[in-house]
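Working notes, beginning with the structure itself.
Order of writing sets the labels: A, B, C and D. Residues in every chain begin at 1.
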Amino acid sequence: MGTVTSASALLRERGAASWAAAVSHPMVAEIGAGSLPHETFRYYFEQNVLYLEDYARAIALIIGRAPDLAAVTVLTRFLGQIVDTELPANYAFLARLGGPAQASSARPDPAAVMAPATYAYTRHLLDTAGRHDLPAGLAAVLPCQWSYGELAAGLAASLPADPVYADWIGMFAGDGYDELVQASTSLLDQHADVADEALMTSLAAVFDRSTRYELAFWDMAYVGPGGQTG
Amino acid sequence: MGTVTSASALLRERGAASWAAAVSHPMVAEIGAGSLPHETFRYYFEQNVLYLEDYARAIALIIGRAPDLAAVTVLTRFLGQIVDTELPANYAFLARLGGPAQASSARPDPAAVMAPATYAYTRHLLDTAGRHDLPAGLAAVLPCQWSYGELAAGLAASLPADPVYADWIGMFAGDGYDELVQASTSLLDQHADVADEALMTSLAAVFDRSTRYELAFWDMAYVGPGGQTG
Amino acid sequence: MGTVTSASALLRERGAASWAAAVSHPMVAEIGAGSLPHETFRYYFEQNVLYLEDYARAIALIIGRAPDLAAVTVLTRFLGQIVDTELPANYAFLARLGGPAQASSARPDPAAVMAPATYAYTRHLLDTAGRHDLPAGLAAVLPCQWSYGELAAGLAASLPADPVYADWIGMFAGDGYDELVQASTSLLDQHADVADEALMTSLAAVFDRSTRYELAFWDMAYVGPGGQTG
Amino acid sequence: MGTVTSASALLRERGAASWAAAVSHPMVAEIGAGSLPHETFRYYFEQNVLYLEDYARAIALIIGRAPDLAAVTVLTRFLGQIVDTELPANYAFLARLGGPAQASSARPDPAAVMAPATYAYTRHLLDTAGRHDLPAGLAAVLPCQWSYGELAAGLAASLPADPVYADWIGMFAGDGYDELVQASTSLLDQHADVADEALMTSLAAVFDRSTRYELAFWDMAYVGPGGQTG
């Protein structure tokens, strides 16, 4: 491990198995091939808009305990990306696939419509962000942001013909998105001493937990609403 | 539903299906019959001491936002029951079954040894207690406390010969335990207006979520460590 | 009180005495006249950049518990206004007055340089936002945002010649700022039932507490660093 | 500083000036001499029961984030001491001095009857316990517990004739109370590395802040209700 010089690189390395499974999930491959049924993708968005709303809350909770203004500023930009860009884009995809174009003001209790995987993942994010400090909070929210950038980069080399899938890949494959990931990983690297082995063990557990929840989220979405139990 | 006059009774009624499945779980029946393998019960305690430690934290978070001194007082007694009575008793059972008699000071990260069901259940408790108000927090922690009293009452009529199982049943079957449950349900009833339908819908979702996590916890423990994935 | 039809209007009305004292503070009058010593204004900014950083954290904590996406969205815009506009502007004013142009990366512990009034005000904001729900959190952060819009509107009719004071007034006197205040008060009005007298009593106490802390902040800044004790 | 080997001893040493002022406050001296007017002591209790209720909540919030079972256990005992012993004792003193014997179920909003010093002190405790980790939380709550043990030890050598004052001193002067202080300081010493200078600087600021709030609380109580402003 002598070549790993940053906390974020170390977390990626220690969680490599789960990470590889998440970014090469069969549903990701079918998105890249343009062969995924639209109704499966629609179910993904139905769950993802609920997920992103709590993801935004988790980022906000990290801001509430961020130790300095530089951290507050980077995380506010991250929060704005989710609330002002990704959530509207996800609702726009949902509308293209026949779903609602925005959050219903008379929506049912989100917990009632969240799949178990969505609920468990978001509780993990909210509790970690709410009760732990900045490095743990960042380790929890990073796998989602980071793995999407990486899987989209892989798919962007050969875009599918279906514009729904091509547009979705394009959302995460640009330089602007890479800069956001870079800002988040740099913030973690600045606040987490890679030489502190106890800290790295703890953060690696949080990071890999989130990556495995990413995997569970893809599993849930791929099976679709009919496949949910619990 | 005209006969339901308290919030706690209403939550029980609306979550009746999950509740029935939890209190009559095959593992509960095998405990009552004294036929459960000791190693299965030991695994239950290994997970339950981790669960109870976070259960205590969740009760503490509710205290941190309790609206008056009466609520602070009832919940402090509840917390003391978990920390001063149930956790030591669970470690004592663990020791009788060949496990450690106390929390290791050099223990591995709890998240690393928690089964997925234990982790998901405790995140639900901690997040609900930490971000929501007293009624929601109580609705989250009640199913555990309440269902144990009820299932133990059922098993106490005919105790198994194996003292490990008989002693465990006895821990939850006495009048003292019933008074604790009564204090918690009364506190909920006092702070949650049963006529507020939007509130009841929201609390019923929290309560039933916890009951289903109770069920998942029994499933996890019954299958044992070899059966865990994720 | 028959004419008051919104929660925000009611809170303003019930806290009218403190409000009037805050927006007509002698220091505000001297800013309007352009007669305030620059060193006094500089001390105001030295305290205000510390205040705004915690103000941002308090808004983020409200987002962490906001009940729906509409509230998350309005509050994220509010947070962005503080972090991306007001904090840089405050540092720019500080630099014009001979102070540092940005937060020092090697700054001393903020608590060590916060005046007692700044510390007490920000603890009130952070605790209210962190342990109470959206209406209470909004009632806490509103007086700062709202009173600045109102006092600036009063001063804008006759701008002082000193560009430091004129520019500062201009920051809060435009239509864009009014829209932000409007969005915040509307959010409160939507989530706080003005007919719920117990709620209004509680929110009015929070709102007036913040207004009195605004007043204490002006007092602290007007007296300057030499006048601080405790 | 070569002789300081624990974090708690270091915090005491660095905050020596505020500490000396708190434990030798004129009101403390008058309690020891039995010369304090009963109505002044009554006002102290009126404020202190409100203080202790939030002090209990702050301890609970620290439990909610305590890193291991040993810490949860020590803090639960601390919480029980406040809720089951000190609060009832404070209400009993209040009743002996002509006040109410228990918290009113129809009490006014505590924030409305808290003196500014009581409100500011408790917000400091609640925010520190809620947003920071165990060492900072302990550093915030320790000065109250610890300084009472120390000032009572000083007064116990020569008890005043007035039983109200003698009984109050006795509450904090026994070995049982010393053991509680010992448990809290040991917990801090175990979790805060005295050799970590950045941590010690940060904790010393929190600890001294609480000590100065102790002093402000004595000032507030000594002047009495007629002397409050703000």
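Operating definition for what follows: a contact is a pair of C-beta atoms (placed from the backbone, for glycine too) under 8 Å apart; a residue touches a chain by one contact, two chains touch by 3 or more.
Just so it is clear, the model here is predicted, and its values are computed rather than measured.
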Identity of the chain that, by mean CA position, is farthest from subunit A: D
Chain pair with the higher count of C-beta pairs in contact (B-C, C-D): C-D
Subunit C-subunit D separation of Cα centroids, rounded to whole Å: 31
Euclidean distance of C-alpha centroids - subunit B vs subunit C, Å: 44
Where subunit B touches two or more other chains, by residue: 64-65, 126, 130-131
Residue ranges of subunit B in contact with subunit C within the complex: 64-65, 131-133
Subunit A residues within the subunit B interface of the complex: 109, 111-112, 119-120, 123-124, 126-127, 130-131, 201-202, 205-206, 209, 212, 216, 230
Complex interface listing, subunit A residues touching subunit C: 53, 56-58, 60-61, 63-66, 68-70, 72-73, 76, 79-80, 83-84, 87, 103, 105, 107, 126, 129-130
